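In the two complexes below, subunit A is the common chain; its partner is subunit B in one and subunit C in the other.
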Partner chain A sequence: MNTELIYLDHAAATPLDRRVLMAMQPYFSDEFYNPSSPYAPAVAVRRVYESAKHLIASQIGAKPGEIIITAGATESINLAFNDIDGHIIVPSAEHHSVLNCAKKLDATTVSVDKYGMVSADFIKAAIRPNTQLISVALANNELGTIQPLRDIAQVIKAERETRLLNDNKTPIYFHSDASQGVGQIDINVARLGVDMLTMNAGKIYGPKQVGLLWVASHVRLSPQIVGGGQERGIRSGTENVAGVVGFSRALELVNDHRKYESERLAKLRDSLQMVLVNTFDKAVVSGHPKHRLAGHLHISFPGIDGERLVFILENRGIMVATGSACAANKGTRSHVLTAIGLSDELSDGSIRITLGHLSTPENIKRAGEIMIEEIKREYKRVNK
Partner chain B sequence: MNTELIYLDHAAATPLDRRVLMAMQPYFSDEFYNPSSPYAPAVAVRRVYESAKHLIASQIGAKPGEIIITAGATESINLAFNDIDGHIIVPSAEHHSVLNCAKKLDATTVSVDKYGMVSADFIKAAIRPNTQLISVALANNELGTIQPLRDIAQVIKAERETRLLNDNKTPIYFHSDASQGVGQIDINVARLGVDMLTMNAGKIYGPKQVGLLWVASHVRLSPQIVGGGQERGIRSGTENVAGVVGFSRALELVNDHRKYESERLAKLRDSLQMVLVNTFDKAVVSGHPKHRLAGHLHISFPGIDGERLVFILENRGIMVATGSACAANKGTRSHVLTAIGLSDELSDGSIRITLGHLSTPENIKRAGEIMIEEIKREYKRVNK
Partner chain C sequence: MALKTKVYVGMSGGVDSSLTAALLVEQGYDVTGVYMKNWTADLPGVRCPWADDLADAKRVAVKLGIDFKVFDFENEYRQKVVDYMIDEYKAGHTPNPDIMCNQEVKFKLFLDAALEDGADMIATGHYARTCHIKPVGCNNKADVNCHSITNVESATISSTNTCVGELLQAVDKNKDQTYFLYRVTGKALGKTLFPIGEFTKPTVRKMAAERGLWTATKKDSQGICFVGQIGIREFLGMYVNSKSGNVVDKISGKVLGHHDGAIFYTLGQRHGLELGGGLPYYVVGKDMAKNEVYVTTDLNDDTLWKKSIKLTNLHWINEMPINNCYQIRVRHRAQLINANLQLDKDIAYLELETPERAIAVGQSVVIYDGDVCVGGGIISI
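On to the complex of A and B.
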């Protein structure tokens, strides 16, 4: 390819920020010690590790002791579900990690509206006396729709009070997968009203296979991976000091620039959306018009083959997705689009565009021009 | 500290080899794509990832499809135990990761001899018709004793034949944790006769929180962590491409230099052992005199406080351990030393010295001199 590459799939993966890599560097080959070793250089590394967890905790309004470091969001989600044996509630448009955890349990799947939004009332209606867990992502990874976590938290709070009155001792927890949205939304566990929160370094310009589960102190949780007793016995394995230092630096960086960056991305995304919608009057934008992540643009072109379009755009140097990477890889229709009731024609003509650090006014403008050119050509081809 | 540091705790952690870091570098910020994404740069990253797994597989005589990448040895061990619900057998001197997995099951703990060696006959005697798993480390992490895996494999093979004759359909698997010993022992899964093998990049100068479970194709295994379906559905989570590239490079490097390096380390270790044993006639070396990892020297000085000695040596710039880092951190007496029947006095006066890449003839000579000086001083103090 001779063309300059334009990366528009930040929801699938983000490049490691050079400043993050720089922060990690000392802990690869120099300060490589096992944080559990007794000698001073290892104790120093332990302190660095704990400070990094401290910093992460402070960024989300949590206590450091409540943070369990994991190998990414998928493990965190599995850990959040680990102790559950009763009824659970998940929305139909959740990520496969959540849906596959739910499969093993007595689960009620609540439907979402046409924007992919979860209704607190639907959650309320689905709660049973033995409901133990409700898991709702902070934002949908395909549509960018931001979920009303605080409203759902209110419902759960009310249920807790009912249980107290009824002497029902079954605990009910609220977990949120915040893999998408960190760095664009203010994450404060108390304000969100959750009991457990999953975060992923690999989606915020941090290292891959590094994540966390924040667990409020009242939550009962037993380990999924046992061994040397690291992470207060909840998650064993020699600590990835470089990874956690990188995670904390990445979180700090995205939070420092959160307001500026989300405004910048929303502006760029809106400009791209406008030119596409203005050019193709049958194009349909999915995801909530207002409560949507700043970088997300899910758009469908009826009559066009989305997968073919991804391939055509790739030939022009533009990287977009049809859906989440792990699902798209299997070549099946997106369960998220089915969940929002999108017609097959629109589903099949969908692409997911996600902006981020690599997006600039220039490359978004250029991407818009190329997309218009190629989609027009496709429409000409199919309408022959 | 003004003194040059002498690191003698390679069994606890190894520095990331600079060549490994160099191999990983492109996949942090440049080729950062999600390997499941459809566009060419991501497909190229997928190929790199699969090639790295291929290379790892070929190094251990396995097929690439049999390798499940995990976040390190602890997760691999937990995964190996994941589907087991019947009887299992583990030796008493195993690492806590194995013992803690065993705790949740109907487990027979077989004793080890005074060298920490497991007897195939003891395993044979412990096998029941419903035994599903036998897990024996390749080498003991505290003593360095190399286990007779092939003899145990023969016992298991015979049991399989008996079951076939008796129409007993219960599968019996042999798992080995090879966290210690890779790079010093030739690892070939067929020759070892195991059905599952755990390996850890962080102990062979590779990245931390990267490991694998090799699983023979006949083994039934269900996922512990579900989600996007990565690693053939057995272990979900966006792949750590840099980590796996680093793992494969690290394995290649230690294997390339295996013969030379183990001879070099054995020579250095023997020289250190000799000066210590010659100077302190009551010193006791544990671990098998012949079947022992080249870098391991477990030595006890009766009457001396091992933990105090670690601290004293640290002040002189020498880093050694009293036992495995995660256990030592808890300040309890080593279960391994109890298992080999070492007296409390010897246990309490033990240190574990493990040599590796950072060991040189000069710093081992120097370490010996300092140790002699300090241990003599300690004996003077306690014998006053």
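On to the complex of A and C.
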């Protein structure tokens, strides 16, 4: 990547780690065999595939047989929702892939607090005797707020007890979309207390269009893609060997450096947040002050158009995201910002900065200086 | 020091309107970019189609350092342009929503909203030219020679803002968009600038690239914007209950096959009839009540070629034409052909020098006097 460019949108996409690329490379051309073929070179590829899945499973405290490889998090989420026909519960600030799955079902949307955090009590209150699924992201993609999955898992556990007592045979599952947060948070399915977990290689310096759904053995699932019966018949299609090898290597790498990298990113993020907040006293940082992903900084500059700011920064070589467009296009405001009750003015003036591997003390310092210069200029233009 | 003329530029996110804004900035105008949010079909599960265009327009505005606004005309556009188009198709006509969009939205709603917001003038990226004349009685003399140079409007406010405008063909005769602009008023044109009408499309792209405009290589938009990705057939299918009916040979009266709704067929159309091999069939008529489409293999069929046209719903950009010899165009980019014009109150009769193919009811005929677009009307029976 051009070193003059400063990439601050790691929550959207991450560059493939060179070591991941190297691990994947043999399986595109030299070792191209179909893992289902009978001859030895193909069987060898099957073994590579299985051991890559094994490695992924061991990283999250799961069994290899519980992992369904998919073409990314969106497919995993759709799969998690595929067999549900009863009531479900989702928080209002979830990603669109969850909300759009929920739309097709009898769904209760629970509100989040001003930090975007879900309350286990709200979930508890929303549970009905026919509730089948509760889906809560590990961390919010816009704000970085980390959700109290363990508390919610306790609520669900209690509900299971109640159902046993009442002889209510309706199963209740807890799914979490962990697209954001892998590599910063310890992902152990047992400790998280979930029944299904979605993960995405493309957000952890692995390949895009590779994801997984971890499914606890007691969960009933039905396929949305049928065919040759791969992935235990839940997700047919020739195995993406290179993709899964890349996924396992990427997961291994982010986990190896998890503690170091989280602390490094938090420090850089805090330094950027500090200079921006100190310079612009009206700036508002959203997301939980403590329970927030290390690389996430969601910040609003009232009176500024966030989308315009994205393009201004783009011209200076800085890439950031905005969930919101200008005030005049109604309906395009981020539902997450609406969910946390952010005013229209703050929503419209917000950008999302997400740090990652490409962030260094030097480029974060430079990004801060450029942002201050451009935001000051923009305030001057707006107030002329 | 004179105050800079404030121009609101309709920016669609394409190369033409991007360069329009850039040129006006260079010419010293006080420029504001405006994205007109028009109506689009909301297709479930489909990524919002206009957001990318809006972002492109805004990106260019940021590059130029100009203010940028969004005007929301969704409801008005739906009523004036989309409903009109659907109704015309239902009536068996061949409507032109682009003409309606210019008449009702760009040069009425947008102009009014821009003036209301403090603009002195508007500009768009149309391939056309205007020249501004002080009205007769005020000075009785055009302040410019309209037929040689245009866009002499200075970037500072002139003493008069009551001038009217003439509509002239673009320099690029291949791209000229005056056909779509004939229902705009002279008064609106008096407050309008078309800076890129002076250039050819390749030059426009080159100039945009030279200025580092992001949209320099962006693909031209095709077809009707609000129909977007789905195509007119699918679009109409969402609003009209079409029934299958007979495709009838005009000469023999024999039923040749079936169609999926007469509404989808227009005069002169060749494709989509699926009548098997042999000579191609052309649509020569339809009966909406019977839901029948009439076809022929005879390319010289007299319904396909017409020399006389009757126009109603006339519109004149400035004064009514007083002569008889004009040039006309029956569709966008068609060759200009000589025609004799006879006016009878609200009806115009045109006698063409050479016959024109596939003149369908509902289509517009636009009348020119050399480079000047005089106005036109809508073909009726």
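Brief remarks follow.
One rule holds for everything that comes next: the second predicted complex is superposed on the first by the 373 of 384 C-alpha atoms of A that agree within 3 Å, B and C clash if a C-alpha of one lies under 4 Å from a C-alpha of the other, contacts with A are read in each partner's own complex, and residues count from 1 in each chain.
The working rule: contacts are C-beta pairs under 8 Å (C-beta built on N, C-alpha and C of every residue); 3 or more make two chains touch, one makes a residue touch a chain.
Small disclaimer: the values here were computed from a predicted structure and weren't measured.
When both complexes are overlaid on chain A, the residue A:208 reaches subunit B alone and has no touch with subunit C.
By the touch criterion stated above, A:251 is placed in contact with neither subunit B nor subunit C. After overlaying the two complexes on the shared chain, residue contacts for A:155 are found with neither subunit B nor subunit C. In the superposed model, A:100 lies in contact with both subunit B and subunit C.
Of the two partner chains, neither subunit B nor subunit C is touched by A:196. Contacts of A:312 after superposition on the shared chain: subunit C is touched, whereas subunit B is not. Once the two complexes are overlaid on the shared chain, A:127 sits clear of subunit B and of subunit C alike. After superposition on the shared chain, subunit A has more residues touched by B, the comparison being subunit B against subunit C.
Judged by the document's definition of touching, subunit A residues 100, 307, 311, 314, 325-326, 328-330 lie at the interface with subunit B and also at the interface with subunit C. Of all residues in subunit C, only 37, 45, 48, 51, 54-55, 58-59, 61-63, 65, 67-72 touch subunit A in the complex they form. Note for the complex: subunit B touches subunit A at residues 1, 5, 9, 12-18, 21, 28-30, 32-34, 36-42, 70-75, 77-78, 95-97, 100-101, 103-104, 202, 207-210, 224-230, 236-243, 307, 310-311, 314, 319-322, 324-330.
Across the complex, subunit A meets subunit C through its residues 100, 305, 307-308, 311-312, 314-315, 325-326, 328-330, 332, 381.
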